[in-house]
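Report on the following structure.
Letters A, B, C and D name the chains as they come in the text, with residue numbers starting at 1 for each one.
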Amino acid sequence: MEILLVLGLPLLGSVLLALFGARRFAAELNAAMSLATLIVSSLLVLRVIRHGPMLVGHEQFFVDSFNVFLVGLTAFVGFTTALFSRPYMRIEEHLGRVTPGRLRLYHSMYQLFMGAMLLALLTNNMGLLWVAMEAATLSTVLLVSLYRTRASLEAAWKYFILCGVGIAQALFGTILLYFAAEQTLGREGMTALLWTHLNAVKGQLEPRVLGLAFVFLLVGYGTKVGLAPLHNWLPDAHAEGPTPVSAVLSGLLLNVALYAVIRCKVLVEGSVGRSLPGHMLMTFGLLSAVLGAFFLWRQRDIKRLFGYSSIEHMGIITFAFGLGGPVANFAALLHMTVHSLTKSSIFFTAGHASQTAGTQQMDGIRGLLGISPTIGWGLMLGSIAILGMPPFGVFASEFLILTTAMREHPWSTPFLLIALGVAFAAIFSRVQPMVFGESDAPPLPHSPALLPVFVHLAMVLTLGLYMPPALAEWYRAAARLIG
Amino acid sequence: MVHDLRFLLILVTIWVVLGLAGLLGLHSIRLERLLFLLGALVAFSVAVLAGMFLAAGGTAQVLVLPLGLPDLPFHIRLDALSAFFLLLVGVAGAGISTFAAGYFRSGEGTAPALLGLQYHVFLASMAVVILADDAYLFMVAWETMALSSYFLVTSQHRIPDIRRAGFLYLIMAHVGAICILLSFGVLQGGSWQFTFDAMRGASLTPFWATTAFLLALLGFGAKAGLVPLHVWLPEAHPAAPSPVSAMMSGLMLKTAIYGMLRISFDLLHVRLWWWGALLLALGLFSALYGAIFAAVQTDMKRLLAYSSIENIGVIFTGIGLAILFETSGLRLFAALAFTAALVHALNHALFKSLLFLATGSVLHATKQRSLGKLGGLIRHMPWVATLALVGTLSIAGLPPLNGFVSEWLLLQSFLFTPQLPHAFLNMLIPLGAAALALTVALAAYVMVKFYGVIFLGQPREASLANARDANWLERLGLGWLALGCIVIGVLPQLALRSAAAVTGTLLGESVRPSATVWWIAPIASGQASYSGLILLLGIVGVVGVAFVLVRFLAHGRVRRTATWDCGYPWQTSRMQDTAEGFGQPIRHMFGGFFRMERDLPSPTDRAPRYRIHIEDRLWRGIYLPIARGVQRLADAIGVVQSGRLSIYLLYSFLTLIALLIFVLL
Amino acid sequence: MPTSHLIAQVLNVLAAGLLLISFAMLSRRRTQRLITLLAWQGAILFLSTCLVAHSSGLSEIYYSAALTLMLKVIALPWILHRLIYQLGAQWDSEPLVNIPATMLVGLVLVIFAFGLAQPISMLATTITRHTLGIALAVILLAFLMMITRRKAITQVIGFLAMENGLFFAATSATYGMPMVIELGIALDLLVGVFILGIFFFQIREQFDSLDLHHLESLKED
Amino acid sequence: MSGITFIRQLAEVVLAIAIAPLFSGWIAQCRAWLQNRSAPPLLQPYRMLDKLFHKDAALAMDASALFRATPYVLFGAMALAAAIIPSLVTDLPLARVADAIALIGLFATARVFQSLAAMDIGTAFGTMGARREMMVGFLAEPALLMVLFNAFLVFGSTALPDLVDGYAAHRAAVDPSVIFAAVAFLMVLLAENARLPIDNPATHLELTMIHEAMLLEYSARHLALVEWASSLKLFNYACIGFALFLPWGIATHGQDGGLPLFLAFAALIGKLALAGAALAFVESLSAKLRIFRAPEYLAMAFLIAVLGLLVHLLLRA
């Protein structure tokens, strides 16, 4: 029941907004629909916590503690982003960067995107998962190109082609998976694509096929995760799209893509053993972390900067999943959570910052504390959090990841050390002058809504100092599932 | 009986609460004053508790808080070592907070409420660092400490140099923190327990132990300002408001010492003798380096910052000796060196904070930081001058004040190094003692320069004439610290007894605190001994007698006349010897250390000007190359993002092929 | 049984044709010609799907065959033709660098694909198992084509060719995916092409050309 | 402490204070003889002190309290040092107050006070003198420490009474390293007491002087105290030297009673006479060094001391 609502509400919302998206109350409607989704999905979460995993709709939908926590996270960030986008898009409209018609597209696509992601999370069918991912891609392509500027078109085009090709690889991987499953499960009632069934028989699946399948799936979904060297679409898309979209892209979409990869990893591990997928993930992770850090060093555009930082963090998370084991998986899940909370809040503040300064070029943004302390402190605290300074939660996960790596794969720690150090120097040396110093920019036409920012940061802070036992238990369960 | 620990926790929380309470009145300076005073009170009670705990013998107390990571709740532990450092923090903190209550004015950079918040969080985090008993809580407190102090340093963030200093400070702190983290990662040794207890239990091979030790050395050395990791220190300390400089230099550096001791003497069981040699060498080098650079500074706060590097070096020398002795089984001497290090840490906390605070008062009174524009303040600020004199004499290592005690102890422990069973080493280390002596004497040189140029002589600027003395709160703070210097100097037994509890628990051996109440004889009564008390009484007595006799036999008539001008009546106060002049012999003798650029006026100049700029060779030698390297690498990597879609597709294609081949093989 | 054997033979022939067309696509310069080739690919897919349906006797494969016919043979090529007419791009062609080299690379890819597919297709029970390698080859060739092309439309064509390869793989290796999935895939494909259509116009009005070298401003410099 | 020891202590201090100027006078006389000048009378220093004590003190306008207190501090420090150093007898109640290292510290205190006082008025010469004095100080200290290190290695203590008793215990054993140490100590003594070749006590040539430059502003009783203190300092150094290298005759533990005391007194006078003559001789032979040659001179002293140390370690091993 909840599941139906969770999936239905966003679709309904997108339809409604496709009709009334241009109206005055569209933004509020958007927020309201997201709120509804949030409520329903939290009901779902509660239910799963109480009764454990559930399998519904002819086994087409499957909820366990791994994806339900992502569902909750997605719905929550979706809601806060909707809250943020209300004043933000107003200001954009006021600045004449978007027309009401575009706003209609924006709102409806926003809901569609949320729907697609939730579907990708909830479905039990690997094929459906693929379809949902593709749908998410398509909807975000339109969102990225919202401004219809040369740059945004270029970004959208690259995004489309790269992710399209990637997703095609994923499809081939899925086909191979199906092919392998057929050998054992047969094709009665097309159960051969259901993750639960595959998971049940993963021991008997043909390792050679699954090895190949994993390669294609990894390249495919990895493109959407933004793993180097498949990451090239990510900074452009983050920089050129409207800020709320950047927020959900790096806050949610990357997580969902990574979720897909991990689901596949679980299956593959069952048949080919740990080392192959583990090493692939670790290599990708380290490469992304280091490359991302060095890219950070040379950024001038604020949103691009944080786009690359997303690459770096996705790398760290992937690395952690590659390490495997209860501690590392726990850390990775925690890092997914805090990263999406922190990063989205950073994008909120970054968006308002560039609006106040009238440019996304960081040289043009100065003295935010002087203009609006909330924006200034938001950006400062957010960056500090994302850089893994305690007592923020990002540190908690990095603590676990680093210490685990130090014992299990000491060779990898120098790379992580370099990545973290360079990233710190790069981001902080850019953020400090933006927040501090003098400025003479005028205040914004509409008052920015920074409540979400501080809510997110407060949550991250809490996670760094105290984790509710329920949440911890939940993470542990998820970590166990991933194995 | 755990309530010492409970009390301490409560006190720490009170600090945080005080900080938050300030937010009630964002700009009311009155409220902040009150809060700072309360903070001082809390610090004082922390000191008292810690002292009582040490006096009681220091049996460890443990507590687990329902916070932190799910599998890793916050553990806290109070044992002799942590109690000693808490004592340090409390005593010095009380003075600094009192001073701060009188110091901060509104309208200087950050709003007073935020300052108060950051200040008290800084204090609390230091206390937690010392109390922490698991890696996670330790790291959290450690980084919180760095962060809050960073914000305090950049409280006047409109000045670009201050921003630069803050950035340098934070990056060094963060990289250091990562090293410490990795060190913990080694220490937990496969048992996925991050509590210090588990680490004490873990058994490490010498290789891993060395890795842990070196990582810790990197991390804590960066925080303590050990050469060559010191570059942030002379930038950040002057940039901060004076009470903050005092806290950073007096207290924060000591937390690094604490961490070093905790890891190398408590958590690690394996210890190799060459660790000690390494620390010894690094420490002596830092000490000499700091002293030499301090001697040529012209900014009073930079001078003090470099002198901090020197003192940290002295402390590390002590630790190194302790490790050397301990690994050779000479426990008593190890205890002696250890004690010297601890006591010197305590002393440095006292006199360095005192001096930084004094510079704060001077800064407020004159708006001048450059030694070239000060002078003669003893006439306008008698209070500050007198109390600063105490600090100056202490830091110069002169009896009967406290600085001498620790240096004496350290030299005493050096005397036993020939008993070390390492050929060459036991012949080399005496030279180390010589280097130490040189450093100590250099410190005296530096401090004479410091005090003489600021407080003595003629005022070098007309504006100095209307400098006002510190207000009563500031005097109180300064006085408290000065009192501390005198008490420890005169009754070193107190410090020794506290340290004895520490060495007793960590080394199983400790120096004899005192033969009698009169004097200390750490190794054996009848051996080398020292009594600050009698020295003080003696000098005072003789001076008194001499004074009375002179007055009695001769007379006390005084005629005030003009200064003798050597027959050149046009002397002005600008013709006094300057700070640069005072540093000149050092520049001449240790020229190799510096990177100097100076333009000397030619005799024919109409308006001759003399400018000298002195730089740290290590900065250009180590740090700039690193930065350039990263930049180059980043540029090289940037090429990857070429902007051409087909290239990107090619990447994906090649990745795919590569992975497929990888799978095939 | 002989008929199935015969069918297998025919299927292999069709597969070979598919491969041939892919190579042809690699070397064609004219956009229009490419679209035609795409349509041919679709046609071959349709035929092969019908054959598979017939031999396996699974009715739903007929549906997917019909889907193929509608989508890949009729709809998409038609849309593309309309597009290039409206964009006035029907006559334009693009210079290709060093076709022989491309061909050679393609050849290597084919060998690689076969080598990769060899052990797997042994496992397959379907009569079409040998064609899996060819499907993979088609996919990789389409990938190669996308890399070598410099125009938006031709890249899209490459993309669609890749879809074809995928579809072929699905049918040949596994008698096709479950219906739901195929519908979803087809839908996504259609929507994607529509979006692309919109894009073409926008790109054209922004850059008044569909050359990709206009779309190279976002980079690290 | 019992009465007799207390009296003994007091006697020693008084004696030191009394004969310190005589010692400097004696050195001056010897120098005069060696340079064929007509020597000043032996009691000249006392006459000068007396004269100074009865003059009116002329203070610069803005001399601070520090400036006025310093002469007393100097005098006090030196007198206390004299009380600690066993010049006649070893078991003094105050002897345990400070070992040799602490004594160096005490001298350092005096030096710092003197330099600060010199900077107080703010004349160019005062500061220059202070700077040079401190410089000589930090150069001399390592050498001096090495000397004491050596003594410690030989006798296992840095407390002067122990050293003397140690000699008394096995007086035959004269370690070769001691000779090196003695030379180094002599060089340091010359430097620390503003004698040639580092400083010339007899000159007032402004650009070369160190010690005198710091006293320029002092007059009358202040000057008297400072001069007295410096002669006490010289005396103390001499006594340290005796305790370290020629402790013969000093009454060790248990040897109380009249005769040993008298012998010790006689020995002291004799040693002082010889030492004064020797000092004068050395000074007359040596020429004043440029100020920046001072490091080389003291480095030499340091080197010699270290050589002594190494020799000892080698022979012991």
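One rule holds for everything that comes next: a contact is a pair of C-beta atoms (placed from the backbone, for glycine too) under 8 Å apart; a residue touches a chain by one contact, two chains touch by 3 or more.
The structure presented is a predicted model; accordingly, all values stated were derived computationally and were not measured.
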Any chain that touches subunit D and subunit B: none
Chain pair with more C-beta contacts, B-C versus A-B: A-B
Distance from the mean Cα position of subunit D to that of subunit A, given in whole angstrom: 79
Distance from subunit B to subunit A - Cα centre to Cα centre, in angstrom: 44
Averaged-CA centre spacing for the pair subunit C and subunit B, given as whole angstrom: 70
Inter-centroid spacing, subunit C versus subunit A (mean Cα positions, whole Å): 31
Junction residues of subunit D, two or more chains touched: none
Junction residues of subunit C, two or more chains touched: 116, 143, 146, 155, 215-218, 220
Overlap residues in subunit A, where contacts from two or more other chains coincide: 157-158, 161, 165, 212, 235, 295, 298
Which pairs of chains touch, using the document's own definition: A-B, A-C, B-C, B-D
Of subunit B, residues touching subunit D in the complex: 375-376, 378-379, 389, 393, 396-399, 404, 408, 411-412, 414-415, 418, 426-427, 430-431, 433-435, 437-438, 440-442, 444-445, 447-449, 451-453, 456-458, 519, 521, 526-531, 534-535, 538-543, 546-547, 550, 553-555, 557-564, 566, 571, 573, 575-577, 581-582, 584-585, 588-589
Residue ranges of subunit C touching subunit A (in the complex, touch as defined): 116, 119-120, 123-125, 136, 139, 143, 146, 152, 155, 159, 162-163, 166, 169-170, 173-175, 177-181, 184-185, 187-188, 191-192, 195-196, 199, 202-203, 206-207, 214-218, 220
Of all residues in subunit D, those that touch subunit B in their complex: 53-54, 56-62, 64, 66, 72-73, 75-77, 79-80, 83, 94, 96-99, 101-102, 105-106, 108-109, 111-112, 115-116, 119-125, 127-128, 130-132, 134-135, 137-139, 141-146, 149, 152-153, 156-159, 162, 206, 216-217, 221, 225, 292, 295, 302, 306, 309-310, 313
Touching residues (chain side subunit B, partner subunit C) in the complex: 638-646, 649-650, 653, 656-657, 660, 664
Contact footprint of subunit A on subunit B as seen in their complex: 66-70, 135-136, 139-144, 146-147, 154, 157-158, 160, 163, 166-167, 170-171, 174-175, 178-179, 181-182, 184-186, 188-190, 192, 194, 630-631, 633-635, 637-638, 640-641, 645, 648-649, 651-652, 655-656, 659-660, 662-663
